[in-house]
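Two complexes are shown next, each including chain A; its partner changes from chain B in the first to chain C in the second.
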Partner chain A sequence: MSSARADTTPWLLAAPGALLFTALVVVPLALTLMLSFHVYDAATGVKDAYTLAHYTAILSDSYFLNIFWRTLRLAALTTLICAAIGAPEAYILSRMREPWRSVFLLAIIGPLLVSVVVRTFGWSMLLGPAGLVNEAFRALGLGTVKILYTETAVVIALVHVMLPFMVIPVWTSLQKLDPMVEAAAWTLGASRFTALRRVVMPQVTMGLLSGSLVVFGLSASAFAIPALLGGRRLKMAATLVYDEYMHELNWPLGAAIAILVLVINLVIMLAYQRVVEARAKRTLG
Partner chain B sequence: MSGMRHNGPVALAFHALVVGFVLAPLAVICLVAFTPANTLTLPTTQFSLRWFTAVFAHPDFVASFLNSLWVAAIAATIAVVLAVAAGLALDRYDFRGRAALNALFLSPLMIPHLVLGVALLRLFALLGATGSLFWLTAGHIVVVTPYVLRLVLAALSGLDRSAEQAAVTLGASSWTVFRRITVPMILPGITGGWLLAFINSFDELTMSIFITSPATVTLPVRMYMYATESIDPMMAAVSALMIAVTAAAMLLLDRIFGLDKILVGQG
Partner chain C sequence: MGFLTLDGLTRLYGDVAAVSDVNLSVAKGEFISLLGPSGCGKTTTLQMIAGLVEPTSGRITLDGRDITHEKPDRRGLGIVFQSYALFPHMTVAQNVSFGLEMRKVSRPEREVRVKQALALVQLSSLADRYPRQLSGGQRQRVAVARALVIDPPVLLLDEPLSNLDAKLREEMQFELRGIQQRVGTTTIMVTHDQSEALSMSDRVVVMEQGRIMQVDAPYRLYESPATPFISSFVGKMNRLSGVWRHGGVEIGGRVLACEGAGFSDGAAAVLAIRPEKINLTAPGAGVLDGRVKGRFFLGSAWFFTVETPAGLIGVSLPNSGEEPAREGDQIGLDWSRASARAAEPDGVQPA
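What follows is the complex of A and B.
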């Protein structure tokens, strides 16, 4: 590795990828940002004049605000439920013996690789008026409950799809915890609950936090689940963008909504990095 | 001591509920796919393959399946080439702009696919390239490259470089060292990355739905469109086939690399 070559070699190696990513990530995003400021006319389409009207419309029209509010609310609810299910499940998995541990870890995170359309379709069969869930309700004498095309259906499917993203980081942080430390706390007279709270929980916090951010971000921009289980009336941010692009053909407005979704995502990611850095500083002293 | 690490009955009941919840929709699909009836009902006494035959007789589904197969195979292959080259640059050199380049390559993981989809739609519309299989594949390459890059970087950072240095001392050219020593040593990362990229591309819906045309519709997009229009057991049969393909790829991944390593390593 001579010093004369060291300057150009990494750039030559990275160049093909860097060019492709610039052309297909950076440039399109810049174009979309510009598009979101273009004037749109229903009769003639996108015009060569600039305006802030799309952003002011989104931030003042109650139709859009309602959809954004629903998106954030359902994403937050999904995150909470995923944390409440995923964290204990990761803990239980970490205490299992082989081979059960590997088998169930695969069962929990394997569905991550199955297409979201497939999993959503499965839920639409389970939750429909003739589905298994309603058959169980009828058998219990509760009658038929409308679940499909409600927020409940959307949240159930979102939790199902997002759960692995919560289990994985919590599981990873539990792997770093020596089980003997928890056992030592018991030996020293701590109750199971105290050991869990004072020894296990602090270790898991970062995993829980990073899982929550991923789940929230992915839920807030999810498309297939609200589109197939929410029905026409129950829109979320992603289905709204799809409608503006494909049905209303108002691309500038759709672009403005997409940019807002992106900004919310990036703000969350940056906030997370700040927290991680602050924590790293504190532990280092 | 080990006795104290057992899960109690409450924990095991909770665990059973979670596993049931996770597997329920997949199990229902696989059962309904074998129904002999015309509606989405669980087969009770008879099992039939009629809906699987219907899928293969449906030209749209077959064409979309082939589209998906091609796009995923080509995207994964090119992603591997790009990621190995970029991975070598990022792992072995310290240069100005290294951090920025790293961020650029991992950016598709932070940008919602919805946003990538509308952004690419705008670019392709301006280029007059909407509905081209070539550009659709290019979009997929961008989405799957970060997954490969992570595995390649992990493989490179765990590499003992004394074998490479020995080869250089013995007079091997850098290309020979790369081909005969580096690649074989990071091969699990490469094959694992290829499979992960293939699955992610094969499953991709949210970006593709914006940049496919009737001629280039991929299987998930076709299924989405079919599901919004009609409900019959054929959808269950296609879904069951997709689960089978994914499960096969998953077992292969597990053999090559250890699935827990790949998926958990993402966290």
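What follows is the complex of A and C.
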């Protein structure tokens, strides 16, 4: 009796979470996957027949491939910039004293507290032809620069909102680092820069890795920022899916794009995780 | 002129002096301990020598060179940190090799010197392990090897034994001292453990509230502590207050003979005597009678607390293999006149 209970208890405890996950993630995903194989007819809509046509259409059309490529490129660029800015920022933050640390931490997390639509419109006002940035350029005699509705605008806004996802994990791994370890490197003859590169950096690899994964994943699936700052012509994966669903009404094609994006994202992230984490695990334990 | 000298070294944090006016001259090859309770400024002093804390005023010279404002990476001192501060992502050999790499030592020479350093601390077989795979004592030895491999003019040890368990701490005391004597490196160790300081050092520097109170060889420090604080911080000390009269300290109408130059009859005085300088005798046969209040067995010794008319007195007896007096027994306490000395009540030892 008691052993039977011991067997079922873990299942019962896991059940609520499993049910929620099934209902909210697995079922919609399965439905999307099934939908992506349905035949679509522009006149009559979704039919009950199955086909691989959507996938072959996407993979053979340079229009879609270009958008996929742009999505990955911008997500990777955002991740790179976030790492380049976020890691030093986290290091400086970890060396700050109260109350400055709290103030700056709030400034970094700030973007997350503002609605994505409001924040993005804020950027479009700043970056537009009559925005503050271009006014400044004109005042300096640099002329008007087209920023809004370019990839630059999308990357700027993505970096802005993704930075906390990079800073916080790096900061956390810095917190775990004995500050005397860096001092030990100095006393052994390492300059400040060498100590950072040889001693501090290797130990924040894990933080940098997990931050990169989150930033890359969120950037690659971002919707509001490319929709509002990329304009109608500059599409990314999420805006493309939206268009297929809402404008073309070709739901199966949209579903196929969504599934492909998911698979590509998953493959890239898992591969990345395996490579870097294996290295970090071996040395950090 | 010493090999390493501290001249009026002071460090203020706001208005509070963590270290004030520390003067010290360390000879080449000497093993010096900075001893004191936590917050006495000993670690700050060490960090100023290491270059990790900037002195507010004062001068540090090493072999005649002023290093007061030199960056830590230019001083070339070897430091063993309290937490050992090993590089967790490097193997033992890589940890030890790091300082040599920074000095641009060629790879073949580096390998030879790393091997020698690891042999010195008896860790040759663990060269490829990572710090997390080592025990506390092994980590400590890696830290020592890493600090010594660069042939530092001065080795600084910051509470090197405080993270080890009692048994290991005792072993490492002798081992560290042995390594230091073999290598001959001038060494400064910070510790709050008086037995460590006494057993390892050539000279002990006692610090209290940022100031140096006494600098002496361990034996002299123990036998003639300069202040009551030192007398009770270094070893145990019975302190019985009374009045100086007839060449002794009078307490409760009884004169207890002791050393004490410069006291005039009737002056307030404190009789100071170490617990191990007192013998137990039959009642009436000693200087003072009393009743055993508590008895503690310490393995190599017995420790008694004895209630006497002069106050509670601690007595330490070596364990001779027989069971001594029990709690509640009436006993006598005896000591030689030379082993007890009179001190002024405010604590200042007469000159």
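Here is the rule we go by: the second predicted complex is superposed on the first by the 247 of 285 C-alpha atoms of A that agree within 3 Å, B and C clash if a C-alpha of one lies under 4 Å from a C-alpha of the other, contacts with A are read in each partner's own complex, and residues count from 1 in each chain.
Here is the rule we use: contacts are C-beta pairs under 8 Å (C-beta built on N, C-alpha and C of every residue); 3 or more make two chains touch, one makes a residue touch a chain.
Treat the numbers as computed from the prediction; the structure is a model and nothing was measured.
**Q** When the two structures are overlaid on chain A, which partner does A:186 contact: first (chain B), second (chain C), both, or neither?
**A** After superposition on chain A, A:186 lies in contact with both partners, chain B and chain C.
**Q** Could you say whether A:199 touches chain B, chain C, both of them, or neither, answering first, second, both or neither?
**A** The answer is second: A:199 touches chain C but not chain B.
**Q** Give one of first, second, both or neither to describe whether A:139 is in contact with chain B, with chain C, with both, or with none.
**A** Neither partner.
**Q** Contact-wise, after the overlay, does A:10 reach chain B, chain C, both or neither (first, second, both, neither)?
**A** After superposition on chain A, A:10 lies in contact with chain B alone.
**Q** Have a look and say if chain B or chain C is in touch with more residues of chain A.
**A** On the superposition, B touches more of the residues of chain A.
**Q** Between chain B (first) and chain C (second), which, if any, makes contact with A:43: first, second, both or neither?
**A** The answer is neither, since A:43 touches no partner chain.
**Q** Should A:111 be classified as contacting the first partner (chain B), the second (chain C), both, or neither?
**A** first
**Q** A:223 in the overlay: touching chain B, chain C, both, or neither? Say first, second, both or neither.
**A** Only chain B; A:223 stays clear of chain C.
**Q** From the superposed pair, tell me which chain A residues show up as contacts to chain B and also as contacts to chain C.
**A** On chain A, the residues that contact chain B in one structure and chain C in the other are 183, 186.
**Q** Would you pull the chain A residues touching chain C in the complex into a rising list?
**A** For chain A paired with chain C, touching residues are 178, 180-181, 183-191, 194, 198-199, 202-203, 283-285.
**Q** Where on chain C does chain A make contact in their complex?
**A** Per the stated touch rule, the residues are 50-52, 71-73, 75-79, 81-83, 85-90, 98-99, 102-103, 130, 132, 146, 150.
**Q** Mind listing the chain A positions that touch chain B in their complex?
**A** 1, 6-7, 9-11, 13-14, 16-18, 20-22, 24-29, 31-32, 35, 85, 88-89, 92-93, 95-96, 102, 104-126, 128, 130, 132, 160, 163-164, 168-169, 171-172, 179, 183, 186, 207, 210-211, 217-218, 221, 223-224, 227-228, 237-238, 241-242, 245, 251, 254-255, 258-259, 261-262, 265-266, 269
**Q** Considering only the defined contacts, which chain B positions touch chain A in the complex?
**A** Residues 1, 4-7, 11-12, 14-15, 18-19, 21-26, 28-29, 32, 39-42, 81-83, 85-86, 88-90, 92-93, 95, 98, 101, 104-105, 107-108, 110-116, 118-123, 126, 138-139, 141-142, 145, 199, 202-203, 205-206, 209-210, 220, 223-224, 227-228, 235-236, 239, 242-243, 246-247, 249-250, 254, 259-260, 263-264, 266-267 of chain B touch chain A in their complex.
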